[in-house]
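Note that the chains take the letters A, B, C and D in the order they are written out, and that residue 1 is the start of every chain.
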Amino acid sequence: MRTTFRTQAMAITKRDLMRERRSGEVLWVTLPFGAIALLLIPIAIGTDRPTLRAIGIGLFWVIVMLFGVLIAVRQAHTETQAQRDVVALAGIDPAAGYVGRALASFFLLIGFEAVLAVVTVALYDVPLDGWIWMPLVMVLVGAGLSLLGTLAASIVSTGRSASALVPLLVAPLSVPLLIGATQTFEALRLGRSSLTWTLMMTIVVLLLAIAGVLSARTLQESG
Amino acid sequence: MTTLERNPSSVWPWIVMAVAGLVTFVAAMSVSPDAVQGQLSRIMYVHVPSAWLAYLSFGVTMFASAMYLWKRDLAWDRRAHSSAEIGVFFTGLAISLGMIWGKSTWGVWWTWDARLTLTAIMFFVYLGYLALRRTTDDLDARAKRAAVMGVLAVIQVPLVHFSVIWWQTLHQPPSIIKPEGPDMDPSMVVTLLISVLSFTVMYAAMMYKRIDLARIEDAVLIAEQTNTGPAAGEAVVAPDLSGGS
Amino acid sequence: MDIAVQWNWVMFGYGVAYGALVLFATSIAVRITRAQKRLGGTV
Amino acid sequence: MVENGTIVSLQDISVRAGATHILRNVILNVQPGEAVGVFGANGAGKTTLLRLLATLLKPASGSGVVLGADLNNDERYEVRHRIGYIGHVPGLYPEMTLDENLSFIATAMGIDGAAVASSLAAVGLAGAADRRAEVCSHGMQRRAEFARILMAQPEFLLLDEPHSALDGSAVDLVDDLVRQTIEAGGAAVLVSHDRSRVDDLATFSVEIAGGTLS
């Protein structure tokens, strides 16, 4: 290897972010879609202010999970075999490719979460106690979801109906992240420590990173 | 073509399944009813073995997936696949029976009990595993992807399990009558044991047949992919117009 | 709860369980037969 | 560049896609300074052979060594940057400009950024560097792929239909690239469905039919 793992991963991240900047898929499609979902729910269940206030944070995280998956899997249906060959023959370690793609998705997810958080606060009038924890939880959820989505995307890779399948693989496995995110704020509301929840999310993130790095070569060779 | 060492037409596994089912039924119907729950306790003798088989099947899937990644032998892939399908079946059955039991005992179809929630999530994880297997007919690629997914579930299912338990303890302390309490009648314990055992035997027989199916299906794929016979256009023959039968 | 009602629930549960078991086993048998036929047809 | 010794040594290699054998018992040796022409009909296994030599496919059976790396184990990851492969479909990112496409590879491979502009100029694309790949013609995209090869200076060239979609000046460019590579002690494998396309360049030619070399 002529370049370091870090250089390779950063090159992949930069490539993905550049492609997103040009195509605007996350900014102009997924993000508005998520915002619309937040707008539709009160229309369906009623606009009673105390109810909205109570369900606001939980709904925010559910929308982040379900729509965030779409961000993490966007490369699953856009990258061609020829492009994959070029990346492989540039000597890029498959594990560096995994880390790089997950990192790009992570940055996009953080932006996605931040915008949707503002929309949620505006539409649902959610109480802002414990907001100081928000950045940390957002980072953990963003990291976990991007790692999980990238891993799932490389598992289904080139198969039939790949882009439809990834959300099904990711959604049930993202339960620890969803529970961790919502319970952090629930614990704060009840005046308890939320350390257990952040710790649990950290473990999820670490395990997913290890799993993705270890399986990267196995998953690439069948492509 | 792969040779089939075992006879896929063998009847004995079906007989084993029927006998195991019958043993469970007779044992469950002949034991005396629970003092608190009455006759409803009988549902337990199919619900608990189903739940046990769900966990056992997914355990076997995880083990077989890991073995495939190590040995790269498609026989392990077939075992993982067969066990996952049987596991999804028993998970669905355990959930359905749990719901019937819940409706009859507590009046609700669903409670957010930690184990129930985990089982439901597990159902979808392995449904995803089965869906993943349908995305390609390339045997090696399919086996590899499925095996990574099978192992990924090993990491995630315990995490989901613990997160759900912690989540549940924070919300609603368990206020549910658990049948498997220490004050269970010895005759009920024995019956439960019999039902779990006979269901495990049923699982083994099902696995035998399901692996046969996987083997034949793989052979069909191999035959189709290596078929070098005439192309479709050449196979056309003039219709027989001579009439008569 | 009335004993008869309890028995209805029990029978419902066993009906679901054994019905599903029979269907699942049948599906395996049917798929084996069908796959064997296809194997015979292609080779 | 290359340590003394063979560049390619394939022993009885077979490659499968699913259950189908695409390559069967292939034996091929390529020494430094050699350019091999491989010709055969559509579906004969030409592209599979190239992707195998590029270490992108794992053999189903047999043993093979490319640039000293065993194709059956992880050594193959260590030689990939020394291989220049151009497939029949360009592997450019459509939303990125030609310059960005090449800069991405340059960064990943640790090549000086200045090489991007000079390689694009060498293939006659200096004026199109800031054009997105999606609005470039097929011929321009192929030229950009050759610019990537020029930039990376691989020792082992693998070209799938090297002259397709290229005009006269670009054909000369490709021929020069192949000659320079083998003169420097590297090697090349050129694949085509048309024997005359590769015969002029090749030091020897083989035919591939039904996944077997002859």
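What we mean here is this: a residue touches a chain if its C-beta (ideal position, glycine included) is under 8 Å from a C-beta of that chain, and two chains touch if they have at least 3 such contacts.
Just so you know, these numbers come straight off a predicted model, no measurement behind them.
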item: Distance-maximising chain from chain B - centres being C-alpha averages; value: D
item: By mean Cα position, the chain sitting nearest the middle; value: A
item: Approximate Å spacing (C-alpha centroids) for the pair chain A, chain B; value: 31
item: Centre distance in Å when chain C and chain D are each reduced to the mean of their C-alpha atoms; value: 56
item: Whole-Å gap separating chain B and chain C, where each centre is the average of the chain's CA atoms; value: 13
item: Inter-chain centre distance, chain B versus chain D - centres from mean C-alpha coordinates, in Å; value: 48
item: Multi-partner residues of chain B (at least 2 other chains); value: 138, 140-141
item: Residue numbers of chain A (touch at least two other chains); value: 221
item: Multi-chain contact sites of chain D, meaning residues that touch two or more partners; value: none
item: Every chain pair in contact, whichever chains are involved; value: A-B, A-D, B-C, B-D
item: Chain D residues touching chain B - in the complex, by the definition given at the top; value: 16-21
item: Footprint of chain B on chain C - complex, ascending; value: 1, 3, 6-7, 9-10, 12-14, 16-18, 20-21, 24-25, 28-29, 31-32, 35-36, 38-39, 42-43
item: Footprint of chain D on chain A - complex, ascending; value: 1-3, 7-8, 10-12, 14-15, 18-19, 22-23, 80-94, 217, 221
item: Chain C-touching residues of chain B, taken from the complex the two chains share; value: 1, 8, 14, 17, 21, 25, 28, 38-40, 42-43, 46-47, 50, 89, 92-93, 96-97, 100-101, 103-104, 202, 206, 209-210, 212-213, 216-217, 219-220, 223-224, 227
item: In the complex with chain D, residue positions of chain B that touch it; value: 137-141, 221-222, 225-226
